[in-house]
Amino acid sequence: MEHFLEQVLNGLQLGLMYALIALGYTMVYGVVQLINFAHGDVFMVGAFLGYFGFAVWGLPLPVAILTAMVACALLGVIIERVAYRPLRYAPKIAALISAIGVSLFLEYFSSLKFVFGPNYRVVPRPFPEVHWNIAGLSVSNIQVIVFVVVLFMLILLQILIYRTKTGMAMRTVAVDHNAARLMGVNVDTTISITFAIGSAFAALGGVLYAIAYPQIHPFMGIMPGLKAFTAAVLGGIGIIPGAVLGALIMGQVETLTSAYISSQMRDAIAFAILILVLLFRPTGLLGRTETEKV
Amino acid sequence: MPVLEISNLAKTFGGLKAVNNFSLSLDEGEIVGLIGPNGAGKTTVFNLITGLYKPTAGTIHFCEEDITGLPPFKISQRGIARTFQNIRLFKGNTVLDNVRAVFHPRIKYNFFDALLRTPRYNAEEAKVTREALELLEALNLAHRANEKAANLAYGDQRRLEIARALATHPKLLLLDEPAAGMNPAEVKRMVELVRYIKERFKLTILLIEHQMGMVMNLCERLVVMDFGQIIATGTPLEIRNNPVVLEAYLGKGATVA
Amino acid sequence: MKLSRNTFFYFAGAVFFFALVKAMQFSGMLTPYWQLVLDQALIIVIGALGLSIIYGFTGQFSLGHAAFYGLGAYTAGALDKVYGNGNMLFFFLSLLTGAAVAGLVALLIGLPILRLRSDYLGIATLGFGIIVRVGMENGNKLFPVLGGATGMSGTPQVAHFDLIFILTLIVILLVRNFIFSTYGRACTSIREDEIAADVMGIDTTRYKVMAFVLGCALAGLAGGIYAHRYPFLHPASFDFLKSFDFLLIVVLGGLGSMTGTIVTAVGWVFLLEVLRVVLGQNFIDWRGVIYALILVVSIIVRPQGLFSGKELRLLIPDHLKMLTGKEHTHAGSGN
Amino acid sequence: GGQGKTETQGASGEKVIKIGFIAPLTGDVKTFGESAQKGFDLALEQAGYKAGDFKIEPVKADDRNDATEAVNVATKLITQDGVKAIVGSLTSLTTIPISKFANDNKVVLITGTATSPKVTVDEGKRKEYIFRACFIDPTQGTVAAKFALEELKLKTAAILYDQGNDYTIGLANNFKEAFTAGGGQVLTMEAYAKNDTDFSAVLTNIAKKNPDILYLPDYYQKVSLIGKQARDKGIKAVFIGGDGWDSSDLDYKTMEGGYFTNHYSAQDPRPEVQNWVKQFKEKYGQEPDAFATLTYDATNLLLNAIKTANSDDPAKIKEALQNTKDFSIVSGEKVSFDENGNPIKPVTILKIEGGKQKFVTAIKPN
Amino acid sequence: MILQVKDLEVYYGSIRALQGISFYVDKGEIVTLIGANGAGKSTTLRTISGLLIPRQGEIYFQGQKINRTPAHQIVRMGISHVPEGRQIFPNLTVMENLLMGAYTRRNRSEVQESLEEVLNRFPRLRERAKQLAGTLSGGEQQMLAMGRGLMSKPTLLVLDEPSMGLSPLLVEEIFEIIKNINQQGTTVLLVEQNAYMALQIAHRAYVLETGRIVLSGTSAEVQANPQIRSAYLGEVEEGA
C-alpha cells in the first residue's frame, strides 16, 4: 500500500511537470486555436537561460528565473510576429506548419556551437534538495515548489481569463477578430500578450524542469511538449483546469503503467487511454461537448 | 396519404423545451408555412426531421415509414432535403461539384468502375454532369458552374443551396428562411422560384420564413409556433386575423405585401 | 475501355520522363546517389498522396501517417525476407500485403476515431502512431524476424527505379480516378461541411473511413517499396516526427491538389539532399536551421500551398475540361 | 564538397585517396557526432593527412542519425565522391544499413562505435569490408557481469535500459545472461524510452527489491539523470555501466563509486593514450569521450591499413585491415581483428572515484 | 456633418467593391443605405469602422480623418458598428457579451447604467443573461448584437441589416428602437434590405448599385422614384 502511494506520488510529480508546460500551451491554444509546436522549444530556451542565469552567470535563482521568463516572453512575442501573424487569416493548418518550422529552427539553431551548443549539460542544484518524510513517503522540496507553482499558475490564469478585461478580450479574440475589433479590442496586442504570458510560463516551467531533472539539451523540449499537449487535449484543449487535470491523469497513467504493467508499454498504454477517453468524450474531459447549432 | 406525419415531437436542451408536443401532417403537393417568433423552435423542428437532432420524444413518419432516429444521410436518401438558415455550402468546391456531390447515393457505378474508368463510369459521370447542369440551368446558375461556391453572391448562394437540395431528388423540401436578407423585389423573385420548382419537381414544401410577403403569397396553410408549441394553424387569412398570432408574432401594424 | 485523351498524354509524358531518366543514367549524369534520391522521392510521393486523400481531400487531420508507412514497410519487408527469394512475384505480393495490412489496421482504428474532429483527431492519430512504434520496438517478441528495437535487416533489395516509377504512375492514376469520381466528390464535400454532406445523403462515416483506409494503404505501399530499396528497417524511421514530414508536404503542396502533393514531395526530398551539397562540409550543421527557415518562409509566402485546389491539366478527366478554363478547381483551401 | 580539392590538383601529382566520414552532425545526437569528428580530425592531422604514398582527402557527411539519410549519404560518398573507405557511422541504427551498402560496393568501412554484431555479420554472412574499433555488444555486458560477480562479489542486480536503442539492449541482455550464468540473480529488468526524463516509477520498484547492482548500460547523459533519481529514491546499489559513460559531461558526483567497462583508461601510461589525451585537450580544451577515442582509433586503424597496403584499392586495404597485427591504439595494445572484423582487445574497467575515472583492471574477453 | 465619406474606393484583392462613393451623415440624422445583395453596403460600413482599409478616398468623423485609424480606436472615438450576421461571441454569456460592448469605457457606474437601459429595452436578454450566447436563436442573437452595440454609448451607431431573420413583430420593434435611440440623440447609419421600413424611419437615403451611389435624397424622394419602387420595393411587376 505504501508502495502504491509512493508510486502515486511519483505520478503526481510527473503530472505536475506536464501541467507546468500544458498550462501555457492550452492558454495559447484557447486564444489563437493554434497547436503551437514551438511551445516545447520555448520551454527549452527557458531552461537554458535559467541555467545560464544561476549556474554560469551566478545570478540569484529568482533573478535568473525572471530573466528567463522575460526573455522568453519576448521570444514568444517575436515568434508570433514573425511566423504566425502573417498567417493569421490563412487556413489554420498554415500556422501549424509554420509552428513546426519554428520548432525545428529553435532546436537546430540552439544546437549550433555559438548558441547553446549540442551538448547535454548537467544542471547543478541551485539550492540543496531536502527530503521530508511524511507518513512513510518521501517528499522533496522541489516537488513542493513545483506543486505550488502549478497551483499559482492555474489560479493566475483563471483570474486573468475570467476576471480581467484582458481576459475577456482574449476570449473574444478567440472567437472572432473582427467582432473583437468592433468592441475596441486591440487584437494584435491581445495576441501578443497571450504569447508573452504563455512563453513566460513555458520558461518558468523550463527552469523548474531543469532543476527537477537536472539535464538540458536543445532537443529536450520535444517530448515534454508533446506529452503536455496531449495532456491538454485529454483535459479539453483550451480549457485551463483541463490542462492540469489531463496532466495529472497522464502522470498517473504513465507511472502506474511503468510500475505495475510494463515499462516498455508505458507510452502505448498512455496513448491508448487517451484515445479511449476521446472516444467517450470527443472534446476531452472538461471540453464542452457541443452539438453544433445548425 | 400524408407525406410527413409528425406526432408529439419534443426536444429539450438542458432545461429548455425547444420543441414540445409538436404534431404536424403534410399532404403531398402542399406548401405549408412554419412561422413563429425567434427562438420558437422552427429550425429545431427541421433539425429533428432531418435527423441532425435526436428527438426527446415523439415520432416522425415519412411516407408511412418511421424515420425517427435515423441518421441524416439515410433520411436524405428516403427523400427529404433541406436548406439551412445559415447557408452551408461546400464552399471551396465548384458550383457544379456542390450539386454533383449529392448525386452520390444514386450513382450507378461502383468503386472499381471509378478506379478503372470503365465505360459505365464514363456514361454515368456524363449523365450526372448533364443532370446537374440542367438543375443549375433551372436555377439560373449554369453560367457559374465552375466558380467556387464561396465566390458566389449571397442570392446565388441561396439558390445554389436549393439546387443542391433538389439534386437529392426529394419528395419533401424543407426551406429555412430562403428569403432572409433579401429586399422586397428579391423576395418576390424567390416566391416565383419556389412556385416553379414545386411544380417542376413535384414537391411537398415546408417553409420557414419571417418575410410575410413570401409566406402569405406561397402557402396554403400556416402553422404558427411559439415556445416550442403550435399556437395556431390555418389559412393565411385566418392567421393574419388571429389575435394570438398578432400578439406573439405579427405585431399590430403587420405590413403584408 | 478506351484510353481518354489526357490519359494518353499522361502516359506520353511519363514515357518521356522515363526516357529522360534512362538517358541521364546512361550518360552518367544521373549518379546512383541522385538516382537513389529520385527513388526516395517517388516513394514519398506515393505515401504523401495517401495523406493527401485523407487530409487534403477529405479533411481528416492525421498526424500518424508514418506509422502506416512503417506497418507497410515491416510487413512487406518481413514477408519477402522470410518467404521470398528475390522473385518479382513475391515482391509484388509482399507490397500488396503490406498495403493491405496498413489498410486493415487503418480500418480498425479509423472506425472508432474518425468521429473525432480536427485537432482531437490529430492528437489521437499521433498517439496511435506512438502505439505502433512501441509495437514495432517489441514486435520481435511475437515474430523474431521483425528485430524489434534493434531493427530489421536483410530485406531483399529488389526495388529499383523502373519498378518504382511504374508503381508511382499507377498510383497517381488510381488516385486521380478516385478523386474525380463520385467517391472523391463525397470526400471533398465532407471536408467542406460534414453536416451539410450528411444531410444531403452522404454517409460521412463511411467515406471518412474509406479515405483513411485508402490513404493509409498507400502509405503502406510506399513503406513496402522503401523496405525493398533501403536495406534496414528501424522503428525510429517511422516515428511521429516523420508523420510531420508527410503533413508538411501535403500542406505546402496545397490542400486538395494531387499535383501539389507530387511536386512538393519530390521537391522536399531533393531540398534536403541539395542543401547537403550546397552547404558543403563546413556549414553542414546549418542544414537543419536553413531547412526550418525555408519551411517557415514558404508557408508564409504561400499559405494556401503551391497548388491549392488546382490540378495540372493532365490530371483532369476530359469531360470536365470542356467546362473549364486552363486550370480546373475542384477544391478549396480546406481550413 | 570542396576542401583540399585545389591542393590535389596541384603540380605535385601526388596520389590521393578519399576517405569518407559519416556521423550525425545535426539533430539530437549531434554532440556525439561532433565528438567523433574531433577524433577523426585529430587522427588525420597527426598523420599529416598522409598514409603511405597517399594524400588523404576527407569527405564528411551528416546522417542526422537517420537510417534513410545514412543510406543516401553513403551512396553519395561511394558513388559520387569516390571514397575508398569510410569511417563511421556512430550508432548501429545508421551503421547497419550503410555497412551493407559499402560492402556491396566493395568499399572499406570501419566504425568507431557501432556495437551491434549485425554491423559486420548479417544473416550469418560476414561483410568482408566492414570493421569496427569497439567491442560488440556481448563483450562489455559479459565482462561487466563477470567483474561484478568475481571481483566485487555482488550477487543481485537490476537492469535499466533504453528499449529503443540496440546498444543498450545488447549490453543489458548480455549482462543478464552472463550474470545469471555466473550464479548471480537479476531481480528485475526495466526499460524506458529515449526521451524519458522521469524514471521514478521503475526506480521505486527497484528500490523495493534492493539489488546490489544497478546496471545502467546507456550513454553518459542518460545515466546521469537516472543515477540522480536512483539515489533520490534511496537506491544504494553500485552503478555499473558501459563505455557510454565515458565523457567529461558525466555527472561524476552522482555516479561516484560506480564502475564501467571501457576501451582504455586515460591513466594508462602508454604513449598512445597519453598523447591522445594531451593533444585532444590542447586542441579542443576538453577531455575526449568514448566517441572521440574510438573514432580516433578507427581512423588510425584504417590509416595504418592504407599505409600497409600502400594502395587505394579497397580490396587491398581490406586485406591489410583484416591482417592488422599487434597494432597499438588508444583503446588497446597489440590489437588485431577476429574473423568477424571485431578488434581483439582487453576490456578496461574503470571506477568513478573522487570525481575522476580510476583504472581498476583490464580483462581479456575470451 | 458628423460623418463624411469622399470618393471611397475599396478592393478585395483585385475586386473593386466600392468604386468611389461619397456621402455624408449629419448629426442627429438617420441615414440609410439601400441596395441589392452585393452592392457594397456592408463594405462601406466595414471601411468606416476601420475593418477595411480603403485604397482611395477619405473618411472624416467629427472633422477628424479616420480612414487609416485602426478599428479598435475608432470605437473609442464614438462609432459603434453592429455587424451583419450578428457576430456575437458564442462562448461568452449574454451578460459578458453586453459588457464587451462597453470594453472601451472606464466608468463602471455609467456602464451599469447603460446595461440597465439595454436590459430594459430587451427584456428577453435579461431572461437569458447567464446563457451562452451561441445557443440563442437567431432573433435573440440579433437583439444581443444591438444591445452590445449600444453599450459603448456611441455618437454614431452603424447598423448592418439589423432586421435580418427577425419575426415581423421584432422587426417592428427593432425599428422602433432605432427611432427611439435616434430621438435620444444618437446618429444612425443604417443598412437595410427591408427598404420599406428603412425609408420610413430614415431622414435621408442613398441607393447603392455595384459599388456606386446611383441615387440620393430624402427618404420621401427616394421612395417616390419609380425605378426604386420596382428594383427594391418590388412593387411593379417585372417580366418573369
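Just so it is clear, A, B, C, D and E label the chains in written order, and each chain counts residues from 1 on its own.
Rule of thumb we're sticking to: a residue touches a chain if its C-beta (ideal position, glycine included) is under 8 Å from a C-beta of that chain, and two chains touch if they have at least 3 such contacts.
This is a predicted model, so every value here is computed, not measured.
For the pair chain A and chain D, chains touching both partners: C. Seen from the Cα centre of chain A, the chain whose own Cα centre is farthest off is B. Ranking every chain by how far its Cα centroid lies from the centroid of chain E, the top place goes to D. Chain A and chain E have centres, each the mean of its CA atoms, that are 43 Å apart. Averaging Cα coordinates per chain places chain C and chain E 50 Å apart.
Between the CA-based centres of chain B and chain D the separation comes to 73 Å, rounded to the whole angstrom. Here the CA centre of chain B is 30 Å from the CA centre of chain E. Counting partners per residue, chain B has 43, 52, 84-85, 88 as the residues that reach two or more other chains. Annotation for chain A: residues 107-108, 111, 222, 264, 267, 294 touch two or more other chains. Across the assembly, chain C contributes 137-138, 195, 285, 287-288, 333-334 as residues in contact with two or more other chains. Chain pairs that touch, as defined above: A-B, A-C, A-D, A-E, B-C, B-E, C-D. Within the complex formed with chain B, the chain E residues making contact are 34, 36-38, 135-140, 142, 161, 164-173, 193-197, 230-235, 238, 240. Touching chain A in their complex are the following residues of chain E: 49-51, 70-73, 75-76, 80-81, 83, 87-92, 96, 99-101, 103-104, 134-135, 148, 152. On the side of chain B, the complex with chain A involves touching residues 43, 47, 52-53, 84-86, 88.
Residues of chain D touching chain C in their complex: 1-3, 25-27, 30, 59-62, 64-69, 71-73, 75-76, 79-80, 92-93, 96-97, 100-101, 116, 118, 122-123, 163-166, 169-170. Only residues 31-34, 36-37, 40, 137-138, 149-151, 153-154, 226, 230-237, 272-273, 276-277, 280-282, 284-285, 287-288 of chain C touch chain D when the two sit together in their complex.
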